[in-house]
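Each chain gets a letter, A, B, C and D, in the order it is written, and its residues are counted from 1.
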Amino acid sequence: MSLESYLSISALLFAMGLIMFISRRNSVAILMAVELIINAAAINFVAFSRFVPSAEARLDGQVFAIFIILLAAAEAVVALAIVLALYKEKKHIQADQLVGLHG
Amino acid sequence: MDHILSWVVFLPITVIPILWLLPANKAKWAALFITIVDFIVAIPLFTGFDRLKVGVDDLAGMQFKETLEWIPSLGIQYSLGVDGISITMILLTLIIGLVAVLASWNIDKLQRGYFAMFLLLQTAMLGVFVALDLILFYLFWEVMLFPMYFLIGVWGGPRRIYAAIKFFLYTLMGSVGMLLAIIAVWYYAPGGERTFNIIELLHRVQEGGTFVGPEIFGMPFAKVVFVAFFIGFAIKVPIFPFHTWLPDAHVEAPTAISVILAGVLLKMGTYGFLRINFPLFPEVFVWFQDFLVALAVINIVYGALCALAQSDLKKMIAYSSVSHMGFVILGIAAATTQGINGAVLQMFNHGTITAMLFLLVGVVYDRAHHRRIAGFGGLASVTPVYAAVTSIAYMAAIGLPGMSGFISELLILTGSFKVYQLPTIISGLGIIFGAGYMLWAYQRIFFGKLNPDYQDLKEINFVELCSVVPLIIITVYLGLLPNRIIVFFETSLNYLSEIL
Amino acid sequence: MTYIQSVIPWVPILPLFGAIILGLFGKKIYDTLGENVTGILGCLTPMISAILAFSAFFKMLSVETGNRIIQIPLTEWITVADFQIEWTFRYDPLSSVMIMIVTGIGTLIHIYGMGYMHKDQSFWRFFSYMNLFLASMLMLVLGDNLIMMFLGWEGVGLCSYLLIGFWFSEEANAVAGKKAFIVNRIGDLGFLAGMFLMIMYSSQLFGNVSLSFGEMQSRIGDLSQVTFWGFPLLEVIGLCFFIGAMGKSAQIPLYVWLPDAMAGPTPVSALIHAATMVTAGVYMMGRMYFLYSLAPHVLGFVSLIAALTCFISATIGMAQFDIKKVLAYSTVSQLGYMFLAMSVGAFSAGIFHLLTHAAFKAALFMGSGSVIVALHHKQDMRNMGGLLKKMPITGWSFIAATFAIMGFPLTSGFFSKDEILWKAFIQGSPTLWLVGFIAAGITSFYMWRLVFMTFFGENRSDEHTWEHCKEQPKRTVIPIAILAIAAITIGFLNVPHFLGGHSNFTEYLSPVVKDLSITPAEHYQNVLDTAQGKVVHESHVDHTALEWTLMVASVAWTFFTAFLAWFFYMKNPKAREYIMSGVWAQKIFIILYNKYYVDEFYEMVVLTPIRKLFLFLAAFDQMVVDGLVNFAGFLGRHLSAFIGLFDQNIVDGAVNGTAWSFQTGGKGFSFLQSSKIQTVIGTSIVIFIIVIVSFILYIG
Amino acid sequence: MEIADLFFYLFSVMIIGLGGVVAFSRNLLHSAFALFFVLFGVAGFYVLLGADFLAMVQIMVYAGGVCVLLIFATMLSDNISQPGKSNLSFQTVLSTVAGGGIALLLLSAFENTTWNVVAPGAMEPTTNSIGKLLLNEYILPFEVISFLLLAAMVSAIMLVKKGENS
């Protein structure tokens, strides 16, 4: 398959992640949305690494993808820890009530 | 060990992180350890120093050179080097640093922070004396201010904040002027190609190059830049109108810091004169010379007279160092071989002697917690050893023959007598007043009836003694055989005096 | 020669070691080994150097007069470009005499000091300072160049400061010490100025300068042509050095410190303020006779000062009641004599009087010291008297020394003082001789007054002290006796021609110190003439008859004043009250007793203005200079405060106004302000899209 | 229509479909599980794109680790069944506009950019070359990542622990 097809799929996935991110009230859902977005980006990377012209940079995309995954993992861990801590504190994790930083 | 200078300069700060690993009261041992190591590392500097090389303005003459590209685009290099002028100053800084660590043995507040600042200060001071690049020189100059502000501001006496801020702003004002001057010198460097390297600039000036630049506020360019440099350094020396920060800074600073302040920091001003200010503008220096001698004489007599009137011992010694530094200026202003050699020797001697004076004040301050001369009395009967050591120190300060103070004052007065007869006689009065206030203070503290509440005053203890005794040995040794040290800087300074 | 060269450096260094050892470990030695051992240790080093000095002297005698000037270089001291000063000792007849005086009398006084300072708790400190004094005095005398002499010069000044203020628990002693040091320092400034002039001109003319006496002597000819500020150079240098001598040897303007120096222990007064230190000025002039012989005007000035000092201090001496004050003023007057001799070109006579004076004055001081100790430190003569019975040896040696100082025929004082009076008459001017003559009479009057009041007549001290007053132990008495004998006998060293001798002391000194046979002015004239090649005729007139008459006159006059003293103080004291009761006599006595109010005068003219000046300057420094800085700070603060205020209600007002308008308008967009993360992301992306789309459509 | 294209379409349907479930399902648990399978789809894509090692990593780390973690999180926070509809109609409008806009923008961008791509070469195993790559050129990010993970772990523990004793 050609490069565009992969890119378009990842664009759709990205859009869905974005929609979920904005519309969901539950913090955990938001995290899931983030996961989606991250995966969309990873797909792009791998797609480009596949079709990139220069020979020696062939695998760079994949290495980046690995790093993305690792980072996503780390991010998820921390985010969830926060969420759980908040949950213990406020007994709910509705994103729109968690407005401690409100100006 | 080709990068010896960099080692010597940056060794102290390497220990700073370790300070936080050690328990608080061990910090001072770490500081002591590193200053001793720094001293040992620097020894090849002095043994290997080639005395015959004149280094003032030819790059080949500079010894232990190190150059690294720092900011190539502007032509700024990290270049270090040593010649006659700065070798003794490095020795002085190392000695004073060692002694000051011993003097700050009973600092109990925030010890780690204190010694971190202290070591940073030590590096900055060493840096100033070895830097050959104007920007590097200016960098070390500013870095030196920063720890001093904290050392006075946090660990000082009652009015420390005021003194620290005054010290900081005063010197900063001076150094801002200096920065502008540096840029002016860089931009209008003679011979077209711009450089920050001091030695390169001096070389070009000797080749006949002059700083041609636009008029500033109607005054010729070279004069304005000279005066900008002069003010920057004069504040440090200090010279008459700019000296008021010194007594406050000394009175409020803890003992060890006023030892360093008087021992080394004051020498930076005169070092700046000799290294940058005067050789760069020889013809302006000739125009400025008479005014400088007048300033020097005022410094001597005014400082001595003010010292006579002080009731606080430390303030008195502060004013006495104003007077002694006046002698250094007199020596430089006369620009004869004896004058300048005497001036550099006096810089070294004044460093050691005044350090002794402040250490001894510290000893009595730690016990009696006040410094009013009138408050003491008859201490000699209670603490004979302390009285004996202080009498030697005071005699050295008066410039008694057989002590190093006399040699340098003799050289300066001989040198300046050749050019300015009357001012030298007047500054001779300075010596008499010097004898006056020193003896008057000594008598008020040690002789007379014993002040009742000091019966149980403890004798000078071992740590204090081993910080003062080496200085006494140096003073007496240089008094009898000054050539051991004169030979270091004689060739460079003879050349310098020919230029001026 | 090599013996001398190997021995001489040890003479000053030994006492120095003694001083250092006693200084550092004295306390321990004193506590552990007790007083005697410390005393012996203290006396040991001066004794050895005395032996060395005398042995070098006898060795010197065997050397023919030609090369008696021996230089002993050690190391280089200060070498900067054309300024080379070396550590070199110089041993020649003049310095041999001086070191014999210093070490000889010094050792005797050390032994005396052991007795005197008995049971004083800082016994060891006393000997360490005394040794240090001996070391620096020997350095002064043996130094080959001016800088080493100056080293000794300041060193003795320091030791006199330390020793005067030895019993520092009393404030008065410390003040006296400080006064001595500062007055000396003022003199030293003159000395320094002289040195700088010498350095400047001799390095200008000859390229390098080492200030050694030999070099100066060789260059003196050329230097005499040069002028400085219009005056001939040598005159100015001579004057400067003389100012230094005035400070050190207590001549008129700068003598005030010597009477107060009596606050120190008596051995100190004996050694320092009688025999050695105060003679430094005379030694310096003797050493640099070649300079002074070419500076007649300065010598004129010196003679004036010397005569004045001689006369005034003698008169003051008459009116003092404190035994040591009388001797102090007598020292000042005797120093006046020495400088009188110097001023008329009779350098060797001056040095000879220095020698004899050192002997009898030291004896007098030590005698008075043992009297004071016997009377438990009471120094007022008015409650002494009749001590001869109690203290025979001290008494009789005191009287012998008084004979010497009075100039009793065949005693040392007679030969030296008479020589000076004679030279003053021929080479000076008759008035100079007259002043000296009168002063000699007054000297013998107050000396005999002192003797009668203390040793004869009935005892005026209270019972308790009278019982306890007994002869001092051997250690204190024997040195006095030795010196008293010396005071009598050493006169024969320099018997003048007209009395049959051939003044071998002057011969001995001749290679180093050449006297002028004519008045300095004439001598200078001769030098100028020889310079222009004119022939100079040497006038040889025989004056023996004149010498005899003058000598007889002065002896008669001193006998008469001695008789007067005897008459007033012994025969019928009532006559004394009668004269004293006269109004005029009372006034004069008060003036004399208060030392012409010189101290008060100095206080008013010199000290208070300086005190006012520095108080003003300190205040000035505080107010004006600091004021300027603080004012800048003050200005800064207030400027910022003002700007703050200005900013507060004007600028701020405007801002608040606009802010208020936004406030209301912005309500609609308040959701923008909400912190919900999602809405923020959402809106930003929407805006992003709009921007990109518009970018593509319109620009792309 | 080779086999590869077939798999491509299969995986893309899987990703988009389950992506929609994740995004719009009421029940949080459903979306969690749906996400699990979406990750599988993405892994499939990686295989198609010749990144076999990456696919394995994706499955193990991402699907196995992170997704399970998410499921734990949803389990622990009890209000799973609470209706997920957005509280503000405005928000859904905003999200659709934003999402749709981005999608359209990207797709149109893809259409008219000329990719200078080369026909993909033969697939070869990438594991050891990725390994070599990781430890030579990308050593720094590799080290930093390890440090980062450690920091994340520590902070996670701290966050939770602090919650404990307050």
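The working rule: contacts are C-beta pairs under 8 Å (C-beta built on N, C-alpha and C of every residue); 3 or more make two chains touch, one makes a residue touch a chain.
Source: prediction; values computed, not measured.
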Quiz item: Using CA atom means as chain centres, which chain is nearest the centre of all the protein shown?
Solution: B
Self-check item: Chain pair showing more contacts of the two, A-C and A-D
Solution: A-D
Quiz item: With chain centres defined as C-alpha means, what is the inter-centre distance between chain A and chain C in Å?
Solution: 95
Quiz item: Between chain A and chain D, what is the gap in Å from one C-alpha centre to the other?
Solution: 6
Self-check item: Separation of chain A from chain B, taking each centre as the mean of its C-alpha atoms, in whole Å
Solution: 62
Self-check item: Rounded Å distance, chain B centre to chain D centre (Cα mean)
Solution: 66
Exercise. Send over the residues of chain D in touch with two or more other chains.
Key: 91, 94-95, 98, 102
Exercise. Would you mind listing the residues of chain C that make contact with two or more other chains?
Key: 678-679, 682, 685
Exercise. Sort out which chains touch which and give me every pair.
Key: A-C, A-D, B-C, C-D
Quiz prompt | Complex interface listing, chain D residues touching chain C | solution = 91, 94-95, 97-98, 101-102, 105
Quiz item: Which part of chain C faces chain A closely enough to touch in the complex?
Solution: 673-679, 681-682, 685
Quiz item: Mind pulling up the chain A residues that touch chain D in the complex?
Solution: 1, 3-9, 11-26, 28-29, 31-33, 35-36, 39, 42-43, 46-47, 49-53, 59-60, 62-63, 65-67, 69-78, 80-85, 87-89, 92-93, 96
Quiz prompt | chain B to chain C touching residues, read off their complex | solution = 166, 170, 241, 243-245, 302, 305-306, 308-310, 337-338, 341-342, 378, 380-381, 384, 388, 391, 395, 400-402, 406-407, 410-411, 413-414, 417-418, 421, 424-425, 428-429, 431-433, 435-436, 439-440, 443, 446-450, 480-483, 486, 490, 494
Practice problem: Mind listing the chain C positions that touch chain D in their complex? | Solution: 678-679, 682-683, 685-686, 689, 692-693
